[in-house]
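The letters A, B, C and D name the chains in turn, as written, and every chain counts its residues from 1.
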Amino acid sequence: MELTISRLSNVPVLNIVGEIDHGNAPTVGATIDELIEQKQRTILLDLSQVDYMDSGGISVLLSALRRLREGGWLGVINPNANVRRLLQIVGLALDASFRVFDSVEDAQAAVQTHARP
Amino acid sequence: MELTISRLSNVPVLNIVGEIDHGNAPTVGATIDELIEQKQRTILLDLSQVDYMDSGGISVLLSALRRLREGGWLGVINPNANVRRLLQIVGLALDASFRVFDSVEDAQAAVQTHARP
Amino acid sequence: MTACLDATGRGCFTRTAIIDGGSSCLKTVRTFVEEAASAAGLRQDRAFDLKVAASEACANALEHGGNAGSCLQVSAAGFEDRLEFEVADGGAFRLPHAVDHMQRAHRGLGLPLMVALTDEVRISRPAEGGTRVTLIMYADRPPQAPLT
Amino acid sequence: MTACLDATGRGCFTRTAIIDGGSSCLKTVRTFVEEAASAAGLRQDRAFDLKVAASEACANALEHGGNAGSCLQVSAAGFEDRLEFEVADGGAFRLPHAVDHMQRAHRGLGLPLMVALTDEVRISRPAEGGTRVTLIMYADRPPQAPLT
């Protein structure tokens, strides 16, 4: 897994390439924790290049969501069909403070129009 | 299930007769909650006459323990061999703030010598 | 109680019951398990463990299985070496919603407890829908060792 | 890959692997599952689900099964209608300690997730000790419907 951080209208975007599993999910979690400590209230993860994610990744998303949902939100960009289905099965995709975007453009539109969905 | 409250050196004792299951555990929980709201920091349950308990009962004990463990403790008196084994399997019996007494006399000795184990 | 033959041609039994989902439902399940355990010759401590595990499975079927307030179908099958208890419900197996998952304090004890108290747990989602939980107890095993 | 015959006398296969419990262990499990799923003719989305479920079972074996840092024994058996994946560890199945149970935030997702992603999960505690988890996928089923 490789992780780089970019910005979309000032909102941090974690660009992840590879597979997110129990082994490397803590790295993603630590990066998100740092951003939250820097008072970021909205965080995006670009999952276009993630072909696999297990519950290690789900746990990190759940714990980020728990911290962001008071006044912020968490979004993922372009997860593949399998990852998207996993997000639905664990109920993340049903949460009002969790958003799934089909593309970077959709995410961009969302962060520009409102900080909260 | 029948529930009456008595005192042992000022410590409230819930005397339970019958079976504690998902159906009636909330009643036990509500009684414990009331005692905790009345600032009781140590609570005893006399289980001598309880021949069955399921995870409904375990959940109530866990949640009481969580609230009492800061500065107090939770004790049960004379659970039968099966209930005692269940308390061990769920790990309750290993908790430093949870005490299992063989008899009312043992419980009495404990509440008299110290409010905390 | 119907007579039947298992794969080895030796005698066994099956019992089924439709249990009303009212307030005394879990009590009825316990009586059902107790009788089956005694017919299968299960030790008394193992019968206790199976009762707790079966209550767990039935409480889930009532709570999550779309069976709340309705009735439960349970069955017990005795084989020479083991007893199998089964409960089926018509609801799809579903994870707790994410938000519930964040808030649940002592939830999620059910499945691990069933595993800890029995020799085998099978949870299947049959092609026709619903959830089926099977709890298996072998006749000759000792009860669970406590946590250390 | 060894040729074998199932109960009906039709062809099937079994594969086993001893996987080193190092940092790339779960990656190796995924490759193992992927190859077995493809040999069994599982759809690609179902193979993904089985990979996630198998990772869960293996992560548990490593974390709770007393296998941390050591190696995992996994096997896959293909039948005409289904694929069975199995992981066994030498540790007794144990509940989380009470105090952990109070503190765990998003724990306890593992078992429910395995059930939600596969057609059947069996967790057994063999007489000789340890924990064995079996995940079963039927070849002809569609993937799980999402939560609604």
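The rule is simple: a residue touches a chain if its C-beta (ideal position, glycine included) is under 8 Å from a C-beta of that chain, and two chains touch if they have at least 3 such contacts.
If you're wondering where the values come from, they're calculated on a predicted model, not measured in any experiment.
When the partners of subunit A are compared with those of subunit D, the chains appearing in both lists are C.
For this pair, subunit C with subunit D, the centres built from the Cα atoms lie 22 Å apart. One simple way to say how far apart two chains are is to compare their mean CA positions; for subunit A and subunit C this gives 39 Å. Averaging C-alpha coordinates per chain places the centre of subunit A 43 Å away from that of subunit B.
Touching of two or more other chains is recorded for residues 62, 66, 89-91, 94 of subunit A. For subunit C, the set of residues that touch two or more other chains comprises 95-97, 101-102, 105-106, 109, 113, 116, 147. If each chain is drawn as a node and touching chains are joined, the picture fits none of the line, ring, star or complete shapes. Every pair of chains meeting the touch criterion is listed here: A-C, A-D, B-C, B-D, C-D. Partner subunit B is touched in their complex by these residues of subunit D: 95-102. Subunit C makes touch with subunit D in their complex at residues 92-97, 101-102, 105-109, 111-113, 115-116, 119-125, 127, 136, 138, 141, 145, 147.
Residue ranges of subunit B in contact with subunit C, taken from their complex: 19, 21-23, 52-56, 58-59, 62-63, 66, 81-82, 85-86, 88-91, 93-94.
Residues 23-27, 30, 45, 48-49, 51-52, 55-56, 59, 105-106, 109-110, 113, 116-117, 143-144, 146-148 of subunit C are the ones that touch subunit B when the two sit in their complex. Of all the residues in subunit B, the ones that touch subunit D in their complex are 62, 65-66, 89-92, 94-95, 98.
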